[in-house]
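Here it is: the structure, laid out below.
Think of it as A, B, C and D in the order they're written, each chain with its own count starting at 1.
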Amino acid sequence: MKTGFNALFIPGPTNMPFRVRQAMDVALEDMRAPDFGDFTKPIFEDTKKVFRSETGQVFIFPGSGTGGWESAIANTLSPGDKVLMSRFGQFSHLWVDMCQRFGLDVQCIEVEWGKGVPLDAYEAALKADTRHEIKAVFACQNETATGVTSDIAGVRRALDAARHPALLMVDGVSSVGSIDMRMEEWGVDVCVSGSQKGFMLPTGLAIICVSQKALAMQSSARLPRTFFSWEDMSKLNADGYFPYTPATTLLRGLRASLDMIFEEGLDNVIARHHHLAEGVRRGVLDGWKLDLCARGPEWYSDTVSAILVPEEADARQVIARAYERYNLSLGTGLAKVMGRVFRIGHLGWLNEVMVAQALAGAEMAMRDCGIMVEPGSGVGAATEYWRTATGNTMAQAAE
Amino acid sequence: MKTGFNALFIPGPTNMPFRVRQAMDVALEDMRAPDFGDFTKPIFEDTKKVFRSETGQVFIFPGSGTGGWESAIANTLSPGDKVLMSRFGQFSHLWVDMCQRFGLDVQCIEVEWGKGVPLDAYEAALKADTRHEIKAVFACQNETATGVTSDIAGVRRALDAARHPALLMVDGVSSVGSIDMRMEEWGVDVCVSGSQKGFMLPTGLAIICVSQKALAMQSSARLPRTFFSWEDMSKLNADGYFPYTPATTLLRGLRASLDMIFEEGLDNVIARHHHLAEGVRRGVLDGWKLDLCARGPEWYSDTVSAILVPEEADARQVIARAYERYNLSLGTGLAKVMGRVFRIGHLGWLNEVMVAQALAGAEMAMRDCGIMVEPGSGVGAATEYWRTATGNTMAQAAE
Amino acid sequence: MKTGFNALFIPGPTNMPFRVRQAMDVALEDMRAPDFGDFTKPIFEDTKKVFRSETGQVFIFPGSGTGGWESAIANTLSPGDKVLMSRFGQFSHLWVDMCQRFGLDVQCIEVEWGKGVPLDAYEAALKADTRHEIKAVFACQNETATGVTSDIAGVRRALDAARHPALLMVDGVSSVGSIDMRMEEWGVDVCVSGSQKGFMLPTGLAIICVSQKALAMQSSARLPRTFFSWEDMSKLNADGYFPYTPATTLLRGLRASLDMIFEEGLDNVIARHHHLAEGVRRGVLDGWKLDLCARGPEWYSDTVSAILVPEEADARQVIARAYERYNLSLGTGLAKVMGRVFRIGHLGWLNEVMVAQALAGAEMAMRDCGIMVEPGSGVGAATEYWRTATGNTMAQAAE
Amino acid sequence: MKTGFNALFIPGPTNMPFRVRQAMDVALEDMRAPDFGDFTKPIFEDTKKVFRSETGQVFIFPGSGTGGWESAIANTLSPGDKVLMSRFGQFSHLWVDMCQRFGLDVQCIEVEWGKGVPLDAYEAALKADTRHEIKAVFACQNETATGVTSDIAGVRRALDAARHPALLMVDGVSSVGSIDMRMEEWGVDVCVSGSQKGFMLPTGLAIICVSQKALAMQSSARLPRTFFSWEDMSKLNADGYFPYTPATTLLRGLRASLDMIFEEGLDNVIARHHHLAEGVRRGVLDGWKLDLCARGPEWYSDTVSAILVPEEADARQVIARAYERYNLSLGTGLAKVMGRVFRIGHLGWLNEVMVAQALAGAEMAMRDCGIMVEPGSGVGAATEYWRTATGNTMAQAAE
């Protein structure tokens, strides 16, 4: 029998705040009540702020990030449309796969796992596309499988350098609300997220934000869509209603989550994620003397770290041991990096003392599996960083 | 300020049992944990029992009933396929609309609102289709908009009489778990439901059950699908996992809901719904001397009653008054019957005393709006029926 | 197996609002945290407002109303002290019994059950006590067992008429927060309440309010006290702390409950209780043609009605039937009125439609037991009153 | 704004399991329902098992441990009775104080804070009391203020050696359910506990277990009692009812808590507490090179460690820093040891990874305050112990 709370350090779902949990512990309600729109309409506006979009529109579907991806494609593109993508992890791979299933003509640039969106290659491909056959450029802001964050502003620069009109579609599932996303500033056309990451909610909502440019594509897009249709949603959302029964409990939770994000301040939330992530990296690199899957600081993710185990070890054993013996959930290595990495998710409603659990537990699990990192070294390096880092918002809040 | 609990008598979402609510008030969890399948696999098996399917397979998607409809279509059909449908209310209408958007060739039989699936017309159409161009026959078991239940066994008889091989696709959103659904016995190929009706959960899951015959259609079906793909689901569900993050809190709730259904006994749950519904009908017909939208007892629904207000009245006023003044949520009239009916949903975790609220409150709201039904007449007729009905399971449980 | 929600119509515990329930669904907390007083100190101030005390002090003990009674006695009196009391129901009886156990010299006036505090007899006794041997006068504001409310302002007038300095001690367990209590205006010295009635919380707190005059009695009072000591509490409460671990979850709930009371408005809460109670009385008297235990309108309680069954019937059967068959909890008759009355509690987070359940269910249970009240008569009389009563705050809120 | 969960490492209230929290998130209920006893009677029996009593009786009062102490005294003793006590911390002090307030003749042996019950001095005093004037011997099993556990079996030996008939009264507030308590075997007559420690519940219940010998004292005991009366409780508890409204939500939680204790196994629960405590001690002594308040291993408490800070430091600063900056709640030093110690509570629903938080956070807070323990040293020493300790039940459970 496992005792104590499970220490949840997968990169989503996250450690849901009790306030969010309370907010969802409600009776069900009439989604056609006269005052229902008083509740829902501000949610759309406030969610938009998390994407830092001003002129865009937010859609909230029952579903998951995968449904959000589908919505992005089906409302903007037609069978045979050419799209530019890159693949460097399991999640960027899956979006490529979806586009292919929808009959799109995918130009996919393969990238070493551990790096992210190849800006030069994108720019070259866009410049080469003088007839503007590429209808959309896809970028995964945070590849959850490898702990790699890409430079979305850079993708915009590549588009601009090529004076290319393609849509910019971003997978922000494990970044929005935790890593900076600036839709308006960066000219992102569709940004897809889900409820169970930075929004600190259970899985169950695809949350996407769409630019006016992308919305205008609906009239020409010929892929079929009903459940994930923006048009149906738009019509009813205007008054705060939905074309089918919405997931009201999750919306109640989203309200609480948005309130918490704004009370802390979105900038502070993002700074806190960086602060916690940096502590984890100090623990891994300086404490444990291990490497990250991410091939350099420019790729480091502030929501998830994929840690490479020594060649002779199997990361799956570490993960299994952590779960069975220490009630600690770490993220597994997916596809190509299976067995090579374990992942620590460090996003959501976290603080330093909470994150120390992941380091302390991983340390025990590794030593049990023969990876003889120094006892206390990970925690010690992390805590000493957290304690002394200047300018972090958590310290400021305490003063 | 509204006081007291909202009396929720829309036809879904329903009055969620506290036990279900407790079961969902949990921390989030790792959907890739080694023991996660120990939790999920029995859920698939037990959900199947609610559909009374033995050889079929259950799929659970984050989504809603509408997503379930989409899944039924996209995994079995190809653009241009001919399908036989009928329309007699807002929900049967919406499924027709979806099929048309997916590029199917819809043969739609229009039926008076207040009646249901036209068995004779179905049989005639199927017999006329000697070349078996009709790939699927659609039937809405319970038209939530009008409170009309159709005879699904009769649709099977029509198919058999015509010796027609078409798939039988059933919308069971507001019937499964409340009104008898016998997939195996009736040869239903796809039955679509959602979490927020008979399953007594929040909105957020499309729950569908699929026959082997329908599963076999996947190989030839050319409509695009990823999020709602059965194939992706099947692969991972085999071990209790999912192709993308599942809505774990709703699955925890579903476990509790299934436990409750089996503890009461599915037959007893269905009998209880009939017992409560019959009381409401006595209140409406004998007490209030009003009519139902359903055109005769053969169409009466045991999950929702649509009540016709006198010609000179506007049902929307009654509904608004009930909500604003009495904190009672009644279902509104949709599309053609807007203003003509208000609906009492009587499904889910209900008993007689709870349902009396809907009658007492509707009575007050009607009188406030000038519909001068006799005070206490609806409740009196219902309670006297409930008290004296022989053979009802609620009375047996009390003895 | 009982289905649906239990309809809880005992006179406390009550139908706890979900908002209160959510507020208590929290992790435990450090009752010595530096900021704990920021949370607790406003609670004391706000609770005082519910007693309409300005110069008094509130004490909140883990316990129940009975503990509150004990606290009232032990902190103000000494063995052998003479006190004036009256007995007209089970709860006024129990307080008499407690005083006797504490070795007080109880002058108890026996009153017919169905009536309340005998003002004339009190005045006479006080006038006769020219040597002021009576140290305290006790009054039960709302006798929960019989549904009788007494005139506390009248007791003050009796004291004043006799120019008597005795303390005025009031049992407000089932009245405070539901029936008007004006400690300051009426010169009440100690008013005892509990969490599970008008405060809409679970049982677990004794909530008392004490005048400066009563506080001053501590120095001379020689009854032993530690757990219920005002002095120990006062010292630590001053900074928001407690002499032993407080029931923090209940305090979190109390915060929510106070917020709700003030948002509705205490006057409106009291008016709503009267409005709902009057509807019940119309149902009982005009609908069912039965009598109340209370011997006249001047004694009618707005929080609980004790209904007399016909002589040949046994109210216990009605109560048992209501619970077993209809999942409706009614209050039983206690002591002298056992078998003669069943009680409907109508206090707390209630509205008209909710209260209709108690009438509808009691009607069925009575008819099942051979008490052939007219079906629908109770609900009809109540709803017609509720619908048409002028000046009630629930109607005003809806306009 | 504090982020993340508060890390609660005070010695009670504890980290309540979610299962307990869910169990208490219920509607209120009728404490006089016919089937209420079916729920409550097994609770009394099962609670007794936690005390390892076979012939005793359990009482559950709304209250706290302090109320339990009062109940122990008031039901067994009379004014002027002589009792033998010892004082070595704030909680043993408070019980002495209570006995004095109740007019008992307290023979109190003063002991250095950091040690516990003085067995030799007890034996000597009992032997000297040849006329058996001492009616009861009091012992605090776990002094929460200093982290000192006393030898209750040894107190029994002292009584037996003196052939003394006095009652043996034990304060088990912070030990029962976490540290071994063997009422039957050790001849303990009254053992007092509370809900918020080993029972893993919110504060709000005094839980006591009483021997037949102690029960028999009621007839002669002349201290006044009503709220905490055993006799009143016994009468109604026999059928599962209570003399006043019980705290039903806490009882629902207690049911869940007992289930969890028995599922893990009481012996395993106790072993787990020892295992976790020993890791903390390794961290403090071997990692940090600091001392415990407890004056030697024979006094070490498995539920709380009081850590002495260096002479020049003020432990209050560490505690404040831990709370304000790291959202970590540590226990403060009380009375004599204020400023000299901070306490880590390690009882309740804990595992190794959870406890690592307290060490990691305390380390940061100490270094921030100039106590320059080696970073990671506390966690490293603890985790290495936890990882390698043989025979611990947590490791066995994982195999």
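What we mean here is this: a residue touches a chain if its C-beta (ideal position, glycine included) is under 8 Å from a C-beta of that chain, and two chains touch if they have at least 3 such contacts.
By chain, UniProt protein names: A, B, C, D = Aminotransferase class V-fold PLP-dependent enzyme.
The model shown is predicted, which means the values in this text are computed figures rather than measured ones.
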| If you take the chains that touch chain A and keep only those that also touch chain B, what is left? | C, D
| request: Please name the chain that ends up farthest from chain D once chain centres are defined by their CA atoms averaged. | output: B
| Whole-Å gap between the CA centroids of chain B and chain D | 53
| note | When centres are defined as mean Cα positions, the distance from chain B to chain C in whole Å is 45
| query | In whole angstrom, what separates the CA-based centres of chain C and chain D? | reply | 35
| task | Enumerate the residues of chain C that touch no fewer than two other chains. | result | 5, 15, 18, 21, 25, 27, 324
| field | chain B - residues contacting chain C, complex | value | 1-5, 7, 15, 17-18, 25, 263-264, 272, 287, 324-328, 349-354, 356-357, 360-361, 363-364, 367-368, 374-381, 383-384, 386-387, 394-395, 397-398
| said: Quick check on the complex: what are the chain C residues that touch chain D? | reply: 5-6, 8, 10, 12-16, 21, 24-25, 27-34, 62-67, 69-70, 97-98, 101-103, 194, 196, 202-204, 223-228, 243-250, 320, 323-324, 329, 331-332
| said: If we count contacts the way the header does, which residues on chain C are in touch with chain A in the complex? | reply: 18, 21-23, 25-27
